[in-house]
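Each of the next two complexes has chain A plus one more chain, namely chain B in the first and chain C in the second.
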Partner chain A sequence: MAEVVKFGRPKGFFETFERRPGSIKKNMSYCPGCGHGVLHKLIAEAMADFGIQDKTTFISPVGCSVFAYYYFDCFGLQVPHGRSAAAATGLTRANPDSIVIGYQGDGDLAAIGFNAFMQAANRGENYCVFFVNNAIYGMTGGQMAPTSLLGQKTATSPYGRNALTEGYPLKISEMVSQLESPVYVERVALTTPANIMKARKAVRKAIQINMEKKGFAFVEVLSGCPVNLKMKPADMDKFIDENMTKYFPLGVYKDVTAEREPVVRPVPTFEKADVEKALYRELPGGDQEHESCDSEIFNRELRIKIGGFGGQGVLSLGLIMAAMGKYRNLNVSWLPSYGPEMRGGTANCAVIVNKGPIGSPIVDSNCDLLVVLNRPSLDKYLPELGENGVLMYDSSTIKEVPAVKPGQKAIALNTGDIAEEFGNLKCANAVMLGAIGAMLTKHYLTPADAAKFQETAEAAIAECFAGKDKIVKMNIEACKLGFDKMQAAL
Partner chain B sequence: MSQTVKKTFRCHPEPDECKGCGRCVSACPKKLLKLGSALNIMGVPYAEYSGEGCVGCGACFYTCPEPGAITIYEITPEA
Partner chain C sequence: MEYSNKLLLKGNEAVVYGALLAGCDCFFGYPITPASEIAQTAAEKFPLLGRTFLQAECETASINMVMGAAAAGRRVMTASSGLGISLKQEGVSYIATMELPCVIIDVMRGGPGLGNIAPEQSDYNQITKGGGHGGYKVIVLAPGSAQEMCDFAALAFDLADKYRTPVYILTDGVVGQMLESVTLPAVSPRRESPEWALDFKVNPRTNYLTSIYMEAADLEQVNIHLNEKYALIEEKEQRAEEYLADDADYILAGFGICGRVIRTAAERLRAEGIRAGIIRPLTLFPFPEKAFRKHMGHVKSFVSVEMNNGQMINDIKLATDCSRPVSLVNRMGGNLITVDDVVRHVRQLAQGGK
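Take a look at the complex of A and B:
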């Protein structure tokens, strides 16, 4: 006589659960009769049968199955409550060849993580989700879940769920099947052996769709929680088959597997050189070679802050200066900060220019160039000016001469008045840009760099006001005017 | 032996891996499983197999929530 195992412990599980604390290492931590164990077995069996354990990631949710990574012999990721879909998106996008299994309960998927889940389903992410619907919050002690039935008594609905106060149970399978992207949606129940075999088929199909990279597959599993439903396992199966399936009918809600082609998304790269190339990309229309920028000041990080009223063009001035750095092939950052008002509130932006990488875009100290267009900004940001920093301000609005420290420079130009005379007060920021150019030319730039100023400013203005030819022309003229006025004043 | 020998099966519930939920008892189409009165290491009465008649359908295996509490063996007479 010879005996062979026909049905036995699935190979998708660890042989012993070494990660599980305590002396019991062969069993899972679930209560007697819990549906999690049944579904875990179906998934473990399918993983082993398909030979995909080495490229599968099982995402453990928050809930009773939080420790699923104790049991499954594959990669495991435990995510915060409801974040399964977000983590799965990252995993499948970063590793398109991997098999990703999401496993969520009704609290995790249908309440806290509902938005993340629906968006992932709608994007048709390449992974499969097993949604354990037991009509109750299990791990936390039997509170009402989004899927609790009408009239169902729970810890938080002691008189029974009432549609007028708590709404109707969410029909997730029906909702997901209405979306365009999902490939396969089925609702099954872990009750009778016949139903469990249907669930087994659904689990295998969802994983196969994932292996074929056809997109989003979803299986809702009506599962029992004998402890919190306060029933014996046999009564619980009856409750599911007689009560739950009336509101949550079993069956295939959507299956377009046959007509869908594999989903192909751009393949990501983790090569250092490629990532750097993507981050510090070649300049559009700019000089492809690294320009020398041989002035002394470009040999270190230049930290610039610009402050004024919203509407004075504070943010645009920063953007133009950042674009100028870009056109000289320097690394730049631009960080705006403003209130909710479009006009009248205070606004500021920080610009950093560096030949090397920029660590943080924030400028709140050691500022090299502070440009202020109103009095409140002067008071607020002057303390941030560095030891040898330069302050440039609009003397048409700031009448008193600011008290700068020894070593610092305060340079004034009545940019507001000049812009008004020029014909458009809105150009005060471009006048200031020209003034900055004249100041830099006089004190800091080599002749080679100075010669590039006007050309670079024009390219940057053209980029920032792209498509508005009149405004571009006007700002370029205002910039030239500011340059000349400042040059004359210095 | 001829090739037409009928396959036989044996169901083995592992006493110390059973939590006594009784799902297999209701699942078995031949009513060959029952919860006994003895207690296992977890302190629960565990499922017991009557000893013969298993048809190898797997109903008890798939309905059991524990990974390896039930094993079903296929018995082939040696040639």
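Take a look at the complex of A and C:
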């Protein structure tokens, strides 16, 4: 049984406040009659009694309690105005075994930090929050708080708070208790000894919920600020007991402690085998690591552009070609058009393949291979075709033979019709892939590389449509079909 | 099952892979184009390893979650794009002052305002000069490929730990969206909580982290300490890639996607007989002044190639004491700079004898 402290300083405080600069090391920085000292004491006493100081981080907010870390003998973190709940989330997620105490005033929690606070409560973050509601801004000198009462005169509501202009005082306990996640919500007041004893019980309960990892616990504390409310301490208590509690009734708003199970967070792994399994690529078999390409066209950047309508598989045709390059240990880049342009109906992507490093991944000139699946793309990208470039196009959508410059080649295949006949128009891009293979085989690939084309295409298609066996099979067949048709036509 | 470490990844995916391999424990972020694949990849991969992914309610919350996890001694990261980064800056100022290590990725898009989602590089000034309130700086790395997005994640965490500072990975929408071959590095072992962390497993409870110093003398000392650290970083950590620079008459400078464009442009200019080379800054703070100064003697002029209103150009002028002309090739609004744009510009310089 811990030693019962009747008088004097709870063991949860430092003996002397060495973190405090200047010569005053024994006293707190709060004004006479302020509630912070009492609440600090209740928390410090609970921490010491529960023996949790080594595990506890106390989060100091912005407000009068900004220096709370001077006093509490535990870890301390001082955070930006209103961000206590977000910082607490980071702390408790990073280290689920730690005890985290949030401590916020009415401006910090209910105004600037309201969203962060409500979201953390709604996620049921495993930490406890003590909310000091004194109906006024203290640190900045008596401005209106979100919890200032109607009619209350403050530095920024000199004519009294008016519901029509400033809205009503925010009832935080009532709101939080409506959420599913929070475990325990109570409003207490630091006025009479009986009320302070209730507050003490609430503080201990909230911390205990945190220790048991049951989730989010919240205690709203009606507290005095005689200096900024311009009251004598005795009148201060009367103001709280008579005026504030009328609008902010005391009591337990929610308590589901008994039925809550502890929050269990996963244990992170850093084991080599686990990380490799999660990130590395599974090799379906075969020695890909030593694959290589000896065809001359890969000795410099092979610059490819593919254009068509959205939905024609323009981007995936590019992805498959990029993956094929990777399987043959070439450097590749694939750059899509992204965003509204893509959603608006046209799509294009640039693919570059090279044995050496790839410079700019943008293909807007000197294109070696231009693949177009619709008319607008032909008009748009044909000027980008390089001196000896090859144009491949779908003659089922582009009827007239495009006028290419001397040295350039235009090769047509009715890929759309072939795909439709094959049974799925969506495979037109795979038909085109096969056609490209046949064209490369005839003009550019070494026999060894040509022999590998189909196998590499199959592996790339399987990778790009991983998990969709039917689609993989269909695309592989369509690719073969395109290859054969093109070979016959060339 | 056999595994291969050779993958095809978007830059945005690669940086998450790199971070996980470097032992990143937590990710907190908010979706934004063109950085969303970072959060999406993190959402998929972090839980596979029992690590923390959390989609925050807003950018400000996400950076403060980063603060909490960094304070707890964990390797932690977040990612966004320009306007989201603007919202994070308050938190970054606190984190920099408390000297907490963390990694922040900015995949830049068109600005100002809501701008657009096309690639730009207009956060250069915001990020390299600190970004938030107060006189702090952050280390800024500038990857130009998916491979570097992956590799710089580990470098960013190491530098963040070494100097106890936030480290930015600053890139553009092109590098983020581009898919390239990536060879994944080896798995790093877990980095234990540092001695300053709020972690009871390794440290006594004497630690506390704060950024408020009411005494002017104390706050000045904090600033002096931080600025000494920044001077050390400027001395030790400048990084740049040079290519064809040693005999160059014209040195092109660009980072991110522009670093790729100028490489191709320099090769084309060389083929035309114009001696062009490049300096591609890999760190933007510290700015690689040494690399620029080294070539001041033989260079006729420098060309800054940027997708913004001309921001890095000022750092080149400062680095070279304005001893050589520095001209600008730029596009804004999300337009890409073409190799032709750069080649034409340098050709004109050469014809004019400048």
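Keep in mind that, in the parts below, the second predicted complex is superposed on the first by the 261 of 490 C-alpha atoms of A that agree within 3 Å, B and C clash if a C-alpha of one lies under 4 Å from a C-alpha of the other, contacts with A are read in each partner's own complex, and residues count from 1 in each chain.
Everything below uses one rule, namely that a contact is a pair of C-beta atoms (placed from the backbone, for glycine too) under 8 Å apart; a residue touches a chain by one contact, two chains touch by 3 or more.
From a predicted model like this one, the values you see are computed outputs, not experimental measurements.
Colleague: Looking at A:469, would you say it contacts chain B, chain C, both, or neither? Reply first, second, both or neither.
Modeller: So A:469 meets neither chain B nor chain C here.
Colleague: If you stack the two complexes on chain A, which partner ends up touching A:10: first (chain B), second (chain C), both, or neither?
Modeller: first
Colleague: Counting residues of chain A touched by each partner, does chain B or chain C come out ahead?
Modeller: With both complexes superposed on chain A, more residues of chain A are touched by C.
Colleague: Who does A:41 touch here: chain B (first), chain C (second), both, or neither?
Modeller: first
Colleague: Just chain B (first), just chain C (second), both, or neither: which does A:379 touch?
Modeller: A:379: touches no partner chain.
Colleague: Classify the contacts of A:387 with the two partner chains as first (chain B alone), second (chain C alone), both, or neither.
Modeller: A:387: touches no partner chain.
Colleague: For chain C, which residues count as touching chain A in their complex?
Modeller: So the residues of chain C in touch with chain A come to 1-8, 17, 20-21, 23, 25-26, 28, 33-34, 45, 47-52, 54, 56-58, 60-74, 76, 90-91, 94, 116-118, 173-174, 177-181, 184, 187, 189-190, 198-201, 204-205, 207-215, 218, 257, 260-261, 263-264, 267, 336, 338-340.
Colleague: Which residues of chain B touch chain A in their complex?
Modeller: Per the stated touch rule, the residues are 9-10, 16-17, 19-23, 26-27, 29, 41-42, 44, 56-59, 61-78.
Colleague: Please name which positions on chain A make contact with chain C in the complex.
Modeller: Residues in contact with chain C: 19, 21-22, 53-57, 60, 66-67, 69, 73-80, 83, 85-95, 97-98, 115-116, 119, 265-270, 272, 274-283, 285, 288-289, 319, 322-323, 325-326, 329-336, 338-340, 358-362, 364-365.
Colleague: Which positions of chain A touch chain B when the two form their complex?
Modeller: The touching residues are 1-10, 13, 24, 26-28, 30-38, 40-42, 44, 71, 192-193, 196-197, 200, 226, 232-234, 237.
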